[in-house]
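Two complexes, one shared chain (chain A), two partners (chain B, chain C).
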Partner chain A sequence: MRGNAEAHELIAPGSLTGVLELMARAPGEWMPIAGGTEIMVAHAAGRLREKKLVSLWGIGELRFIEVSGESIAIGAGATFRDLRMHDTVQSGASLLAKAATWIGSIANQSRATIGGNLVNGSPAADSSPALLVCDAEVELISMRGKRRIPYSSFHTGYKRNAMTPDELLYAVHVPLRFAQHRQYLRKVGTRRAMAISKVALAGTALLHGGVVSEIRLAAASLAPLPARLYRTEAVLHGRALGPLAIREAQEALMEEAKPIDDIRSTAAYRSRVAANLLGEFLNELLTAEARP
Partner chain B sequence: MSEHLANSSAGISFIVNGEKRTVAAHGMKRLLDVLREDLHLTGTKEGCGEGECGSCSVRMNGELVNSCLVPVLQAEGATIETVEGLGRAEALHPIQKAFLECGGAQCGICTPGMLMATAQLLAVNPHPTIGEIREGLAGNLCRCTGFKRIFDSVAAVVVEMDATAKTGGAHAG
Partner chain C sequence: MYAMPQPVRRSSTAQTMSTSEKTRIVGTAVPRKEGVDKLLGRARYLDDIEREGMWYGATVRSSIPRGLIRSIGFDRRIDWTEFTVVTVADIPGRNHIQLINADQPVLADGMVNHCEEAIVLLAHPDKHKLREAVDAVNVEYEPLMPVLTIEESERQETIVWGADNILKSFLLEKGDVDAAWAQAAHIVEGEYRTGAQEHLYIENNGVIAEWSEGNGITVWGSLQCPYYVHKSLLAVLDLPEDKVRAIQTETGGAFGGKEDYPSTLASHAALLAMKSGHVVKMTYDRMEDLAATTKRHPSRVRHRTALDGDGKLLAMDIEVATDGGAYTTLSSTVLSRATLHSPGPYVCPNVRVSSKAWATNTVPYGAFRGFGAPQAIFAIERHMDEIAAAIGMDPVEVRRRNFLHDGDTTATEQVMREPVILDKLLDRALTESDYYERQKRFAQENQTRAVKRGLGIAAFYHGAGFTGSGERYLNSLAGIDVTPEGRVRVLVANTEFGQGTNTILSQIAAESIGIDYDDVEMAPVDTNVVPNSGPTVASRTSMVVGKLIERAGLQLVGTLRERAGLREEFTREEFFAACERLREEDGAVISLCRYEAPAGIFWDDQKYRGEAYPAFAWSVQVAQVAVDTTTYSAEVEEFWSVQEVGRVLHPVLAGGQIEGGIAQGIGYALYEKVVWKDGRMANNQMTNYIMPTAEDVPPIHVYFEEIPCRFGGFGAKGIGELPHDGPAPAILNGIRDAIGVGFNAIPLLPEDLFAQLVTQESKAEVSAV
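So, the complex of A and B:
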């Protein structure tokens, strides 16, 4: 089934204030559309219920990448192509740069925005784990002003988030200090350029004398929303890394994971794969520690 | 209200293959349909209609996009290049020649998209490795050729364009 263009209204105020004013006048009535790689697919399938759409594409105030001392500010309208081509994103937020290369083909990455990826809020979204393990923050904007919250509290449930109906996602702030941590990101999916990830695991860690002093873990497709694996982290925190700790962490992950059991793969399979990925990351840490 | 100036069915203007065009289309109409139906540029093909196959790839402001996922209002003011802008039957672009010579095209449905993806790849990276060729074309599916001939075609363009550059020749586009 094909969606009918005439059934929708699309307008392009052309400026951030123009969009925010519109949203303030009629909160919840206008659905923002950025690169459209989620919305137009829904439209093609006849699944787009929203009648009124307001375009964010081409608004320069949302498409920026700015480096300031300790963090990178990424405008919600930055595309994944913008991200993977950016020197400081590559060096200072390398997990995000890597995830960017996964968001479909080059043609998709040229339209897909980081804002659209996060607001769409799929549990399989590829940028989420990379941002979660770097303590990223998101900045929201409305006519009432801007506010900043940890990205880890942005998603509140399956496809639900902390934004109010008059707000837009404005920017994502990624601290640069994690470039000094050991980092890991791997996705196991069916077809590299296309498939929405089956399972992905991201991790950052800092070890001192073999003891885990900081560790952050997050996975895609392991819960109804993108989320940190706090309980698995807790098993490792402050502990000397070794085969026993690794096994216990893997068991904790299998407990903590609550994948939605959809047709892409079964929940048990996903948890098992994620535990294997965790094993790989932790063994990499062990090997790196053993090197003089 | 001023924003309604930019509303759905008012004239939408952009540059296609170097020419300014204005269409009276609904803003949510897909760029793909506007190119094919309103502008009769039927070189751009529809495969899947959902961003998966790349048959509809065109260049927009110097970037490769799937025109089936672009509402035409978002192309307002943009510079668009379609396969028709690459070359003509009497004056084929080197990329088109290479696809012909290397058997990179069979049924032809994927070909315009492949050509545009190749044009994009070479515009950013004139000397791609085989891995980079594969990545550049990873969003373009072909049901006929098994891809090898397509990758060979791209590799052949690189060699040919280098040779032409050395002998001081120039290519259009």
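So, the complex of A and C:
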């Protein structure tokens, strides 16, 4: 443990209002900590610069999963274990349920929250691609009120987001209509479990008579932030799916991807594997279409 | 220091028990001696130990790979009067760790030769104050050009060690290699590389030291070799033998990583304890342990091989190069083992092995399970598959045609006097894995699937015990005593670090005396209590030390019969009654035995010729591998390991050794990569240094063929290192079988597989144009 706990201040107001009041009084001064699966690792390595922490753990108002007719509202404090175990998440947002199984170990999944995963904003975040391809929205809260924005505009740069310093992530809204779409999600990690993504690709698509009428693609670790692949989608949109379209889409993805070389992988590998994953997804679509 | 107890009685009737005799305890799965304590959390590891008024130590380390130290400054923001500060000027004795060469400083003296080299030691009663203080010591350097790879060291443009950067070299010659090329039907060449590997014992390195004028220095540590630590402390602290005491605490894994390093850490803690006057604990966290302690030697092995038209070996010309790091540590003996294992388990009339360990400005490489053999065996066993491909023969058949048999001679002209059953091991491996049926099925399925499967094989030996004359030099002493409380104790300096030393030596003692396993316990591993039975390394414990304990047990019974009226057949009560009669006469009941080299053994250290090892353990392994062509990742799906390790002393522990070695070998082959940046380990965290988890380790099938060995305790040979030797080549051979491309370097991560395939694709495209 390289961090010195005595150098930090941690308070736990125990209620959402308590936390928001604190953040309104001193915007940006208090770092929210939920499950701590990111922050405690930084602390152990002596890299945690934030001296003041406010705990969100145990605040029931943030930990919920509510199903309405058209969407699932997931409280930012819901853990990945909560998501894994939830019937409607499994059936209606299966990509998210699958992504939840990837997070660290069972122990991590029982602490790590979806809010923490998104606010931390790692380009490799496991839940992001799944949320991006089903038009999820995020709901932010402060003493000034609540507001909803598309998740696709939440991340604004490397580890930067659209929240103001007095805001908390309150909930994630996942539309259920994508359950009708063909879906794809694959993570390529450094090993089978307890691994950080080297690259991951998510996709949802609707085909009519072999023509792509809707397609959404998103990737982890291909850019400084979790991002939709709009240009690659555009190549496919309205097009009859076939070997040529698939190859052109893969080429577009290789163009659109802006990965980096880092300690876990190389840019060249990431681009190529992402293109291979896209090929796998599109070929699955093709095969499914061919079936009577 | 252990004082030889008097009187030592040697019985003339002591004799060696026949190793094929039926046994009651040896060969059964008795409970681990320390198992219950570990299960119940009673076992106390180094960091569990707290002492009244204890201080904590930390290390200021070099941030550059090579340079002169211009100044050491202490930032005024710290109140240094609260700290004990130790520099090289505080060392009372020699500033060198006492290993093969005494070239590694305890603390840098005006110069650093690798990143993370220790420069200043700090101690403070509050461990939380240490990190800021370490950061507040400002070392100014005049950087010098570092040498960071084998190739840079070989160029000898920058000399960083001795006169020529060569830490050690060997030349082994049999027959006339140069004359053989002309007669060859085939000549096959290849170059093979292996990377560094981390031990990743669960418990990081740690030591507690206590100093007093009266008792001198006592160190407690998580360590393999208490007498190595003892030897270094004598020299570093300039103390007489009776003022230095080393005690092993419960040790959470070692794998060779606690063979030499604890001598350095114990010296550091001892210096802080002496200067501060307090008990001082030093423990490394994972980041420091990964960055600063030893790793497996990286290697480059080149093979040039001549074969006749039938695929029989005519000549092997082998060049071994290892990266030794900044100081010698154990590089010479690692190189020796690499040299002796480089020709593989094959007969060849003409062999030349030229090997060199090169100095570089990285953290010194050290002992690691296999000790040079995994590097050498990776090369020869990959090369055998390349030979098979080059001459158009089944890799299994090429091996079979060249296997060593009883009566053959090895590259050192050692005659195989014991049975060699490689054919039998191979047949069993093929049968158990259903090798040819599976291979046929995969060849068909691979045509249409993105995931390609293949099978790879490796055949190998591992020499048990110290190389050549090593055991004679060690001159180990071990034995058994009986306490007045009626406990039979095994007296050895050999340590338990998870592999089962306590259990198997207790089994041997109980068996040879003829008492119950529960009547035997291990004496504490404390240099004041146990004799120097040598280090716990080199797969020597069950064989060499086991034999000493077997002899000591028989000797004790012989003495009791001769002098204390013990009958031929005896009960437990009669045994202990006889012990008490002997105690009345001698004052103690103790039976010690010293290593005796087997007769007719010859080894020439100069020419590297003769009996390289008293015994060899043998193995054939088969790996089933799946290569995903979408992600370029290879996984091991199933694994078979057949081995002959002499007598199996404890089937569960033996099986665990094999499975653990294979899991570690899978990591070595496909996952574990030390990423270097300017001479420094960049991924010194377990999130980025990837070791396989249980999810990545496949079902492992373990089979033993048992041929009791006359030199080993109840017929046992070495087992601990053997299983780590084969997985890497077997897996890469499996990848070759799956996708038809040979890879010659490990670790082989998906990025490496991708890079080579893409290079080959673009070459193929060019040639197609």
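Everything below uses one rule, namely that the second predicted complex is superposed on the first by the 291 of 292 C-alpha atoms of A that agree within 3 Å, B and C clash if a C-alpha of one lies under 4 Å from a C-alpha of the other, contacts with A are read in each partner's own complex, and residues count from 1 in each chain.
Keep in mind that, in the parts below, a residue touches a chain if its C-beta (ideal position, glycine included) is under 8 Å from a C-beta of that chain, and two chains touch if they have at least 3 such contacts.
Please read these numbers as outputs of a predicted model, since none were measured by experiment.
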Touching partner for A:A268 - first (chain B), second (chain C), both, neither: second
Touching partner for A:I149 - first (chain B), second (chain C), both, neither: neither
Which of chain B and chain C A:A288 touches, first, second, both or neither: neither
First, second, both or neither for A:G46, with chain B first and chain C second: second
First, second, both or neither for A:A240, with chain B first and chain C second: neither
Touched partner set for A:E9, first chain B, second chain C, both or neither: first
Which superposed partner A:R81 touches (first chain B, second chain C, both, neither): first
Overlapping contact positions on chain A, where the chain C interface meets the chain B interface: 2, 6, 41, 44-45, 192-194
Parts of chain B lying in touch with chain A, wherever the complex brings them together: 2-4, 6-8, 26-30, 49-52, 54, 57, 63-66, 68-71, 73-74, 76-77, 117, 120-121, 135-136, 138-140
Residues of chain A that touch chain B when the two form their complex: 2, 5-6, 8-14, 18, 22, 33, 35-37, 40-41, 43-45, 53, 55, 57-58, 81, 104-108, 110-111, 192-194
Touch list for chain C against partner chain A, complex: 128, 131-132, 285, 287, 450, 630-633, 635, 671, 675, 682-683, 685, 687-688, 690, 692-693, 695-696, 750-751, 754-755, 758
Sites on chain A touched by chain C in the complex: 1-2, 4, 6, 41, 44-46, 188, 190-196, 198, 263-266, 268-269, 272-273, 276-277, 279-280
